[in-house]
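As written, the chains take the letters A, B, C, D and E, and residue 1 is the first residue of each chain.
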Amino acid sequence: MLNLDFKIDRGEFSLAAQLELPSQGVTALFGRSGSGKTTLLRCIAGLEKTAQGSLSFDGETWQTERFFLPLHQRPIGYVFQEASLFPHLKVLANLTYGYRRIPKEQRKLQPEEVIKLLGIEELLGRYPDELSGGQRQRVAIGRALLTSPQLLLMDEPMASLDATSKAEILPFLEKLRDQLELPIIYVSHAIEEVTRLADHLVLLEAGKVIAEGELQDLLTDPSLPFIQTETASTVLRAVVKQPDTGDGLTELKLGNQALFISKTSVSAGQPVRVRVMARDLVLALTPPTETSLLNCLTAWVLDIQPDPNPSQALVRIEVADQILLARVSKRSVENLKLKERQLVYALIKGVALG
Amino acid sequence: MGISEADLIALWTTLKLAVVSTLALLVLCTPLAWWLARTRSPYKVVVEALVALPLVLPPTVMGFYLLVLLGPHGAVGRFFEALGLGHLAFTFTGLVIGSMLFSLPFVVQPLQNAFAIAGGRVLEVAATLRASPLDRFFTLVLPLAQRGFLTASVLSFAHTLGEFGMILMIGGNIPGRTQVASIAIYNHVEAMDYSSAHGLSLILVASSFILLISVFTLNRRFKVVNLA
Amino acid sequence: AELRIAVAANFNGTMQQLAPLFEKQTGHKLLLSSGSSGAFYAQIQNGAPFDVFFSADSKRPELLAEQGLALAETVFIYAQGIPVLWSTNSKLVDDQGAVLKTNKYRNLGIAHPENAPYGLAAQEVLTEMGIWDKLNADKKIIRAQNIGQAYSQAASGAVELGFVALSQIMHPEVKGKGSYWIPSAASYSPILQKAAVLETATDKALAKDFLAFVRSPEAAEIIKSVGYGLPNN
Amino acid sequence: MLNLDFKIDRGEFSLAAQLELPSQGVTALFGRSGSGKTTLLRCIAGLEKTAQGSLSFDGETWQTERFFLPLHQRPIGYVFQEASLFPHLKVLANLTYGYRRIPKEQRKLQPEEVIKLLGIEELLGRYPDELSGGQRQRVAIGRALLTSPQLLLMDEPMASLDATSKAEILPFLEKLRDQLELPIIYVSHAIEEVTRLADHLVLLEAGKVIAEGELQDLLTDPSLPFIQTETASTVLRAVVKQPDTGDGLTELKLGNQALFISKTSVSAGQPVRVRVMARDLVLALTPPTETSLLNCLTAWVLDIQPDPNPSQALVRIEVADQILLARVSKRSVENLKLKERQLVYALIKGVALG
Amino acid sequence: MGISEADLIALWTTLKLAVVSTLALLVLCTPLAWWLARTRSPYKVVVEALVALPLVLPPTVMGFYLLVLLGPHGAVGRFFEALGLGHLAFTFTGLVIGSMLFSLPFVVQPLQNAFAIAGGRVLEVAATLRASPLDRFFTLVLPLAQRGFLTASVLSFAHTLGEFGMILMIGGNIPGRTQVASIAIYNHVEAMDYSSAHGLSLILVASSFILLISVFTLNRRFKVVNLA
């Protein structure tokens, strides 16, 4: 459990955050530019000298009115919004700076694996000013990971990374989260990253926490802005039924319905999360035939929410006690005469999950 | 006439003085400069001004005041006599103190400037990487402030080589102990022994030149870090 | 007119007493520059704008005359320096200078023998007493650049015993303080301070007038009163 | 026309690019981290001193073996990968630094409108070190725009911006592109930004141009990596038939078929681009009924490409002489017995276009 | 005894000398320091070493060589005489040249360090914003190198105030023209007029102190720019 209560007053901007965050899984800090995400993360690390407040992590007190655990004694890893490499050290020395400073028995990650994962083998002998933007950021991520932290703070670590690099690093972070049970606090405005990684979400606006809770709940909460965005989506919890059905598909169990995804490397019985974007859902009154739509779930309409786009509507439906969002055109709502409590078929392209 | 043995001894004393006082200054001024670079204390400007003050008095005059202070009637002198060490006038230690006072601003100011820049973000990063304040200082501030240290060393070293008025006054020009090359050269000039003066000057200038070139060349081999 | 005078530092105080008298008598103005004789010598060789040079020794004015930079016929002794052994400690120096042979002092200050005549005189006195080499071996000798500095060091008390100029301890501020001994004139070569009109003088007649004034009984009286000797020349 | 031919050798990395880029519209430089995007952009600006080569823009020579038009005389605007604001100047002075240096009559944009658009009104009196990461980047964008450049070079300008800020700035860039006819060279690894903005695409890999051409052609080229990514998509050119059909939908004409999108503020007859993600396409052998799928286009299967995901396949189909990609599961390919030259119905959720 | 009119004139001459030579140094050393901060020429180290060299010779000796150079027999002196301007020894101009030579490293080194840092990325940005090289220099390099200029000015100014041996040698201690405060104080000490010496020292130190405090205080009011 991470208990924090911070106040900062900078005149035009003031931050006030009181939070109890789970000390496992990924907590995403989400909010617009200037909403105070970086500031809050810095408070947790102990970097904001002017912050008033208190902080404890897993029962250990890090900060109170009178006490302040020095930064370098906090078992954190921090990836800064700007890479901020040490300009006078080569990449390898940058990577191992923190690694060399922790006791051998605490080193859960080794330089070799991190270097390989980040694809920076060829850069080890270079100075930071001889790197591209994305290369610098990968080194900064590696540097923080190599301190084998007990709490990882990441401030938009992927912002300057291409899709391929992201796709390589994200699973690694998931692995850290799950296998090392490393809690991560993750600042991002890429909702895909958030929905993929985060379990818990904190929504900031102008220095205030306007919502906080389970990712699933917040994503589908009609009073929050998430459902209003183009990327509105939900996360479903399911269990693996058959890892490989022969043609590369994996069969999941959602309540008593089947769901096919293409995810591999899972084992039977394993709980998984699948992300469904609101716009990837098709609603039908009768189960269609002869289409490439693999998944057809039975669902009930919960309610119909307005959409920022006047031609659209957001239909909240319930499948196996979980909420899904479907963005459909108003014309379709009319055509299908959708209304609350009605039975519908939710058609999801298998490939849209992941 | 060439270079006498006394001249060589004087050169040696000079070198020793310049090295010792430069090193001592670097050690002592590093915390002072660090404090000046970081503090928001209103006294900062006072300290900054005080540091530069030894420069404004003519060396001989400064030397005279120092002599009074370090001599048997002066506060510092009496203190050292009470310790059974004797007063400091006309000793090598006294010379070192005098030279240090006089080169103080040449060390503090470049270091302060370098520290003002070598701080900030990278120190925060290092703290999150488990580096203690001292560790950060040695692994980041020092290397990043490298040019400041170079400048401080060069200025202090060269200035001590040439310093003269104050050294004469508190040193007493004792051959083998406090007679330094600058005084020896000056004596040659005054004694109209120009050839010795030229010879010794040439040695001093040439060896300094070679030393400086080596230092600057060595410096080039380090990574030039542009923090902007 | 204006007469530009380069005067050896040790005589500067005296010159400041003489100058107003001359100025009052003639209505001319004196511009006094004080410094070390060695520096003046080098400066005069390099075109220094002085009319008259009062050196602390005899060698330099003579050399200048030889080089045609000073008017040979004007070179004359304007004062004779008298070295004294002095201490700010009123009990230290006896009237025989015997203290020099004792171990009662830590150091002895002199002007630099090679370029200050007072220093040479001190060396001669000490050699005559047979203690020069020993004092050097013991590193007891503190060498000042010139007699002015020798005095400063002695006056600060850091130098316990010092050979200074009689003229210095006759100074009204100092007179009667401490203890001193005047070595016999036979034990050292006389310190003859010579002056000369320089070749570059703009108004040589005026310069000569001034030298004549310095020779005048009135001036001689002042020179003697401040602690210099005056041989007849 | 922007003609360029550059060579740089940095030992481990060397760049060789010879390109003829259109001097209108947006050209995207795309490639993995470290592929040389920033380097190429710097060459164009004249920032790479070691670059050998030549460059001319709209017939004006900027660089040859013997000639080098000084940077400050090139009518460019450059948004750097790192914001790089002037630390000693407040935001307003940063913004107007370039503005004050161009002749009055060349000032096509005014500070007020740019400030308003970027939402930085409240920051004008601050120093750069008092801004958040995204705020700094917005100021940097404004600063470059305010030189009213004739060529805009942008190096991942949106990387640290949240979706809302992006959604505000992108239409403005589109307006600049279209109304001021300002050519833009845009480095990005966000494919959505590229597909939305770019007309022309340059694909870099390890310092070499591996493909270059019209966005549409490259996105569907089976030999290029685009179709292999999760976000594989195509861009369709269509013409507006009816801007508002009453319920907020816009009807487009694609050949002789109708396509409904929710885009507003277009006028009849206007050519528009719609982006269709491969995974948003559903294929059917018979037109479905009673679903929320509005668009059903008649199409022919061109070919079936392998997908990086073994359970999936990429079906390239042709609609009105344009190519569309559909990502479907192999199981569906089998179920529907898809093969080349076959007639299919391409079902697109209206909301997936934009 | 207090302060005579001659002393006040000497103070005034000192001030003039310090201001003129500091300003002249700042102007002349700015391009030199800029070059040193940017160049990759192999001669860079030679120039760097040369800049520091004037320091290693005792001021009087340096003054002696300068005297020979600037005087009627020296190359520079003859050149100026040929121009009908007269040789430079014993003139205020000569003093300025001497002081500048002597304070050269105190100006070049801090500026060079400041320039080494104030360059890089922001200059590139400014170039893309239509700023010509000169424009960039004035709007970016100068303000960002501000602390370097402050240090250079303070060190050069203070050092000139106290400089003495060289000024005595090439200036000749001529009242109202080349007699500066440091020499006046020295003369008072030599003439055993300690009260005047103390008085003049006090004035010099106190006014420098006030001046330095003001400068440093003013400097605090500027934005502290941390480039790291």
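We adopt the following convention: contacts are C-beta pairs under 8 Å (C-beta built on N, C-alpha and C of every residue); 3 or more make two chains touch, one makes a residue touch a chain.
Since this is a predicted model, take the numbers as computed values, not measurements.
Asks: What chains do chain B and chain D have as common neighbours?
Replies: Common neighbours, chain B/chain D: A, E.
Asks: Please report the smallest number of touch steps linking chain C to chain E.
Replies: Each step joins two touching chains, and the minimum needed here is 1.
Asks: Select the chain at the greatest separation from chain A, using centres from the mean of Cα atoms.
Replies: Greatest centre separation from chain A goes to chain C.
Asks: On a C-alpha centroid basis, what's the spacing between chain A and chain C, in Å?
Replies: A distance of 91 Å separates the two centres.
Asks: Express in whole angstrom the distance between the two chain centres, defined as the mean CA positions of chain A and chain B.
Replies: Their C-alpha centroids are separated by 57 Å.
Asks: Between chain A and chain D, what is the gap in Å from one C-alpha centre to the other?
Replies: 26
Asks: From the C-alpha centre of chain B to that of chain C, how far is it in Å?
Replies: 35
Asks: What are the residues of chain D that contact at least two other chains?
Replies: 82
Asks: Taking each residue of chain C in turn, which ones touch at least two of the other chains?
Replies: Correct list: 39, 42, 149, 152.
Asks: Residues of chain E touching 2+ other chains?
Replies: Touching at least two other chains: 60, 64, 121-122, 144, 189, 226-227.
Asks: Judged by the touch rule stated earlier, which pairs of chains are there in contact?
Replies: Between chains, contact exists in these pairs: A-B, A-D, B-C, B-E, C-E, D-E.
Asks: Show which residues of chain C lie in contact with chain B when the two form their complex.
Replies: Touching chain B: residues 36, 38-39, 41-42, 63, 106-107, 109, 112, 114-116, 136, 139, 141-145, 149, 152-153, 156-159 of chain C.
Asks: For chain B, which residues are in contact with chain C within the complex?
Replies: 60, 64, 67-68, 70-73, 77, 86-87, 89-90, 168-170, 172-177, 179, 183, 186-187, 189-193
Asks: Okay, in this complex, where on chain B does chain A touch?
Replies: 121-122, 124-133, 135-136, 139-140, 143-144, 223, 225-227
Asks: Which positions of chain D touch chain A when the two form their complex?
Replies: The contact residues of chain D facing chain A are 10, 12, 31-34, 37-39, 81-82, 122, 130-135, 138, 155-156, 159-165, 167, 189, 191, 229-231, 247-249, 260, 262, 264, 279-280, 282-286, 288-294, 309-312, 326-336, 347, 349-352, 354.
Asks: Quick one: in the complex, what on chain A touches chain B?
Replies: Listed in rising order, the residues are 45-47, 70-74, 76-78, 80, 82, 84, 86-88, 97-98, 101-102, 127, 129, 143-144, 147.
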